[in-house]
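Chain naming follows the written order as A, B, C and D, and within any one chain the residues start at number 1.
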């Protein structure tokens, strides 16, 4: 690889808390290595439109503690077409942009791989509160989202206990049960309903009734958004059975995407940003930064997008043991 | 009034953050005045069932910072009947309970008045996150709920800004627009939709489009749960018009009822509790404690339940002026 | 008063959370009334230096939720001299600035009064976490600071309880005991030591020992920074007496000045800002906006700076009654 | 090892957030495996005094979200003597306690090893906000403490920026610089002063001045409590040099020990608790549970107490690169 001088940086897909500290880390590490960084506004759409802006050290000052992304983000259909990608390449050439960092989720990493396939040096950085990306222990935003969920369920427990109620709480996560399962364990839920595991209304009703009989003053069921039937429908089904508790449904919604990033997310996104630049400088491309235990490693984007993350057996075991 | 020796204390209706500090204040003030306090579990239902427990100074230690209510709460149909009230009086007599403090919302204060009409000394304390009770500036729980809403909308703004989105956020409040209107002002919303004021979908769409045209990167509309049409329906209507932004809906739900009480709610509920006991000792009954400016005053329950709170013109004016 | 066209706006003295929402409210209300607003950077020092910047509606967007002040602040000796004030007047004339809004504490309001004495239309807005300003129930920042203190003491109580410890916690407040006294009541402290009331080490030791004997697992004493002896010295004195608990000291410090403003502070500062502009437009000057119960009123600056706020007896009574 | 029937459980040393979820996990996992669990109150002191209490599933309900430890904790000199340990063994025999779980820091794990050396099956669980224990990536409480520090520094930054100030912020950590270094990186500090690395007042002053010259509006230096000279002394030294900023010192103190455990700490402590019981049931003893990347593993207590944790080079590099 020839010596790079100008690199592009975008956030893409759904936003997640920690994107801003990651932007800061990429920019400052790049500057420390004598690269110029152009911020690409609005994801792949911005790449196609040439919506670029030079970023200096001061431009990324004071953003460490903010949710969202100063580069804004979007989903972009046009980039999935050859025509769209050609327009993007033309914009890059015209701006002298020689490589691109893509911070985003599953779809965005597919876009990153497609861009790399056109011969552009590309490093992806996994950001998604859903934690549904293969090959990395954690994505940017997951820890913040989980803490937001924990705060909300701690509040719901106050009111549930005062009223002897059962709450079905729907978390985000798309097709992935990670958030719901972890939240279930650390919030002391009776049960977590996740797409990766079938649970019938009868089983849910039994768990709720069990809690009632054991003298619990509340009952929390966490439901992943990808689970079928949805929380509201499940609540309707079980409230017709004999469960003891009165039932309510809460859908946590988009608040899970926002908020000041936690300590963990600031550190993870900072490390991802630093290593992404260093990987690129080592001549690596078409890869994603990943958390592997303690370490930040690189994984081929091809591997990332052709595999599906699974849920560790350990957590099923823990969930069952502790919900008593 | 003869010298009292045993008084009862209940929380009733929907729970709200600050009920626990209020319980603590009533109990400790009563003890300081040589009264015995019996906690009544589960509101008027507990009064009918004789579900009583003597409360000492230590029983209310360590509850100041917790949401919900250690006495639990419920709504109770039976107490609205003469028969129900007779059962309650019988339980009170049998336990030597000579007066009752009722911490709760509109319906609970009606119950308190009905109990007073049977000749029982009763003092009501207004607790409702909706702030829909006449004659008191604030009820227990309103400030905490408002801060919970502010936190949530601050998070939504992060993600709204990243995506150029408009959010319709539904708050609690039943028939009262207080929470939605205040949240609208202090969260920088474009508009708040409240039951006390008609707003058409066309007007909403215009406000959203205006924000778009002025170059705002997000748009927040706060919708009271008592507003018609509901947030989801409104979102559907306006997203068919020309508004610039993509639209999402979030229903904040029961998290608004929970959480550690704020400084304001701890102080208000503490003052209400102290004064409620003092009013009773002064021979007052069939009244409610109320915040009137800086002062805690008493208001006849009759007045409270036969009037409807209105919304001050000042806030409409402020809201319009600042949403630009 | 002739028709105004350009007004200045500064924040001065110690910063407090809510200054930003107040800036936003002043600017947008002024714009709605066809006034131009010049932001003065760095308080009276900025006025002397002519450090001005025109503020539009978008310049104050997205600041509602941030602590601190975008106009920065400072204390300024030079403005207390006639020479300094003349330099300020010259800068104002040169920029066409016809009136000034001063958001700040006691010293800043003295400066505002001095400026008004030179014939400049001036409206002061009370901002100080200490709540030590006469004639207003609350200043901007007090509610946020109190909630920060409450959060900190709730955390200290966790560790105090685990270790059977007594903590002396020093709050801010300069010569005013407001924060310490209120925090004492709403955090369930055994005692609050404030400058307005003499308390001997022997009395403190007795209160701590009492808590120990009654079986409490922790003991919290809140100490105002203006109290003598200071928290550390007091801790040393009492730990030599027989008090049962092991003792620790925590000085909360400048964290009390920062943080996202609470719902209450956002509303108070917004109302202050709106009314300040309206008072000026009504031709009023040399006044301060004040919270009087539910209402925002004006008070002559002369009255504000020549009186000292006192602490209501009610709170002493409540504190004594509940600490058991 | 013979079949166990009764096990003891204590928290010892300084408390840390997450001890309660860990207690809950140990108790419920033990019950699920037909073990009886006796809670030992007040650490090794409680073991010597025989201060035991049987713990059922309901006794550990509702503690997941609370800081501190329901079993209380203490440091205990007597247990370091042979005589003290003999008294403890006698109490254990008398209560039929056959094994002990010790949740605590460095000193407590030494106690655990000493107990194991007497032939008692013992499993240690690392809990210390300082993260100064060898062989585990993280201890219980570190993530919560780090988030508390981040919240505090985010608040300090508000006021620092408003006043153009430099703050020296002292964190806990005893002889370990972990908290200070990580906080420095994720709070955007100019520098972190840690015991593991010599930094002169001249170097600090240079970093502060650099920030001033580059146009930064604030400067944060994080100082570990084990660093010499202490924060206050360092502030005094550098404020005599040419640094541009006015300087303030804040000592965060014991608030860092308290607070609701974060999502991460709830999960870590839950996993430690579950695995601790399972390791014991597999016949393992004189070990500690440890986080090794993604996995919970066992490490001999001997190894733990005879090694000192070091700080990874990666973080020094990141810190230097990003503070610009």
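By definition in this document, contacts are C-beta pairs under 8 Å (C-beta built on N, C-alpha and C of every residue); 3 or more make two chains touch, one makes a residue touch a chain.
The shown structure was predicted, so the numbers you read here are calculated from the model rather than taken from an experiment.
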Legend entry - chain D and chain A - chains in contact with each: none
Inset, instruction - Go through the assembly and pull out the chains touching chain A as well as chain C. - result: B, D
Inset, instruction - Work out the mean Cα position per chain and let me know which chain is farthest from chain C. - result: A
Legend entry - Distance between the centres, which are taken as Cα means, of chain D and chain B, whole angstrom: 40
Inset, instruction - Could you put a whole-Å number on the gap between the CA centroids of chain B and chain C? - result: 28
Legend entry - Distance between the centres, which are taken as Cα means, of chain D and chain C, whole angstrom: 35
Inset, instruction - Mark out which residues of chain A touch at least two other chains, giving numbers and ranges. - result: 154, 157, 161
Inset, instruction - Could you tell me which shape the graph of touching chains takes: line, ring, star, complete or other? - result: ring
Legend entry - chain D partner contacts - residues on chain C that touch it in the complex: 11, 15, 17, 19, 66-69, 72-74, 148, 152, 154-159, 161-164, 167, 217, 248-255, 257-259
Legend entry - In the complex, chain C residues that touch chain B: 21, 24-25, 28-29, 31-32, 57-58, 61-62, 64-65, 137, 143, 146-147, 149-150, 154, 157, 161, 182-183, 185-188, 214-216, 260, 262-264, 266-267, 270-271, 274, 292-295, 314, 317-318, 321-322, 324
